[in-house]
Amino acid sequence: MQTTVRSAPVSFAPPRPTSLVFGIGALAAVVATQVYAISRSPAEADMGHLQKIMYVHVPAAWMTFLAFFVVLVFSVKYMWKRDENDDLLAASAAEVGALFNGLTLMLGMLWGKPAWGVWWVWDARLTSTLVLFLIFVSYLALRAFVDDHQQRARWSAAVGAFGALNVPIVYLSVTWWRTLHQPPSSPSTLDPAYTLGLRINAVAFLLVMIYFVRKRYEIARLHRAVEHAAEAAAMGGR
Amino acid sequence: MAMRTHWRRVRAIARKDLTTELRAKSGFNSVVALGVTILVLLGLALGPDTAALRNAAVGAVWLATLFSGVLAFNRSFQVEVESGALEPLLLYPGPRWTILAGKLLGNLLFVSLMVAIVVAIGIVLFGVGIPAAWPSVLAVLALGVLGLVLLGTFYACMASRSRAREVLLPLLLFPMLVPVLVGATTASKALLGADLMHEAGAWIRLLIAYDLVFLIATFMAFEHVIEN
Amino acid sequence: MRRRQPRWEDGKHVIESNGTFITAAYAVTWVVILAYFTRLMIAGARARAEYKKRVGGEQR
């Protein structure tokens, strides 16, 4: 197996353990902000309390985009510095991003059924989010089907960067695809009565996402450290 | 003049790929046959109402192109993968981007020829009328094929060397091609109709932007993914 | 599909049935978050145990 000499030396010591207290705190923050937002926001004339789904749907969507951005940053950084840890971090962000992406889609459908009467419409935002999900999934599939670590890291970086690059283009094209024939039908989140509740829920989701990514990254680093030790032992205890 | 040597390399690689394909003529013929088969199946699945088929024509042609194109792209790297010829190719002195350019050229010719045949048969099978704006439709087709070949070649460089190339290439490629699919089909449909809202121009600009972005991105990232 | 300006009696029905979807939305959110959280806990414990066994020494 030909290894390229250009990689930066990898630190195989695992990172500091992710604080469980931080994780529990993040979950508690979500509870608190949800309770606040649900109790404070008034009912809408048409749709009753359906607006309240926005407090989970919109933050989930924002976290999806943030995850994509993290994947982009660390994919590019890997292509530049060849530090394998950057690849592991990008992959962790991709997994968590796929999670929030799936959640966004499910919540979108749960909002859509009472609002539009059907489980799915080829609405610009929902459709774009579905395409994004497929991009995440394809990234994770690539990693599953490539065994060599360096090759997997190099290829993931390219695929991750390209995928992230495509996100705005996908949104633009799908939006044009829809709106040239129909006005957008997504819920408005601009009413000031809802903004504060939305923002604090978003912050709580952000804390949860940070915890998830860091924990996932820690696990990836631990696995890699164990593998490296096994390889070193196999090569004669260096 | 370095540019001339580069261009010679590009042409050599393209010629090598195309000669391999032409000698085993079965390659091109079977890919085209598959494209036509998919068209027929789509006609059967979406028809027999002639109005429905005419509406579905553009989408059907593009789907047939995408599915058979995937085969073409994997094949373009198959020779190197199977015979281990990639390493020697990489050891030749000279910049690596010429390899990508050569592969792109070969795939572009291959896929363009295939698309021409699929479109011609699609026009007949789905009862499409040739519009006055047919040069614009041709431009949309060309831009779409360019985007398809750019990303198809680039992703095939990786997928063809992985464990599950048949499923991995479409899985990676198709979500990335959504802007091309959406743009090419919507613009074509508008042009086949009367394009009352003058959409086609906007879509053509989008396709040009997409092609430029990924032309630059693939050439920048190729060195990174071609290594063994 | 219900029209956007229902009579009050119709509206009440719409608003009440929306409650199911709202509950479902929050339930789904929590199931997903807690399930992944638990998965990370378990995977983390396993990974740490494996690390201690194979490599020895504590995490930094």
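First chain written, first letter: the chains are A, B and C, and each begins at residue 1.
Criterion: a contact is a pair of C-beta atoms (placed from the backbone, for glycine too) under 8 Å apart; a residue touches a chain by one contact, two chains touch by 3 or more.
What you see is a predicted model, and the numbers here were worked out from it, not measured in a lab.
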item	value
Co-neighbours of subunit C and subunit A - touch as defined	none
Central chain of the complex, centres being mean CA coordinates	A
Chain centre separation in whole Å, for subunit C relative to subunit A (CA means)	15
Whole-Å gap between the CA centroids of subunit A and subunit B	30
Intercentroid distance (Cα basis), subunit C paired with subunit B, Å	41
Complex contacts: residues of subunit A adjacent to subunit B	2, 4, 79, 131, 134-135, 137-138, 141-142, 145-147, 151, 154-155, 157-159, 161-163, 165-166, 169-170, 172-174, 176-177, 180
Subunit A - residues contacting subunit C, complex	13-18, 23, 27, 30, 34, 43, 46-50, 52-53, 56-57, 60, 96, 99, 102-103, 106-107, 110-111, 113-114, 116-118, 208, 212, 215-216, 218-219, 222-223, 225-226, 229-230
Sites on subunit C touched by subunit A in the complex	1-2, 4-6, 11, 14-19, 21-22, 24-26, 28-29, 32-34, 36-37, 40, 43-44, 47-48, 50-51, 54-55, 59-60
Of all residues in subunit B, those that touch subunit A in their complex	87, 151, 154-155, 158-159, 161-164, 167-168, 171-172, 174-176, 178-179, 182-183, 186, 197, 199, 202-203, 206, 209-210, 213-214, 217, 221, 224-225, 227-228
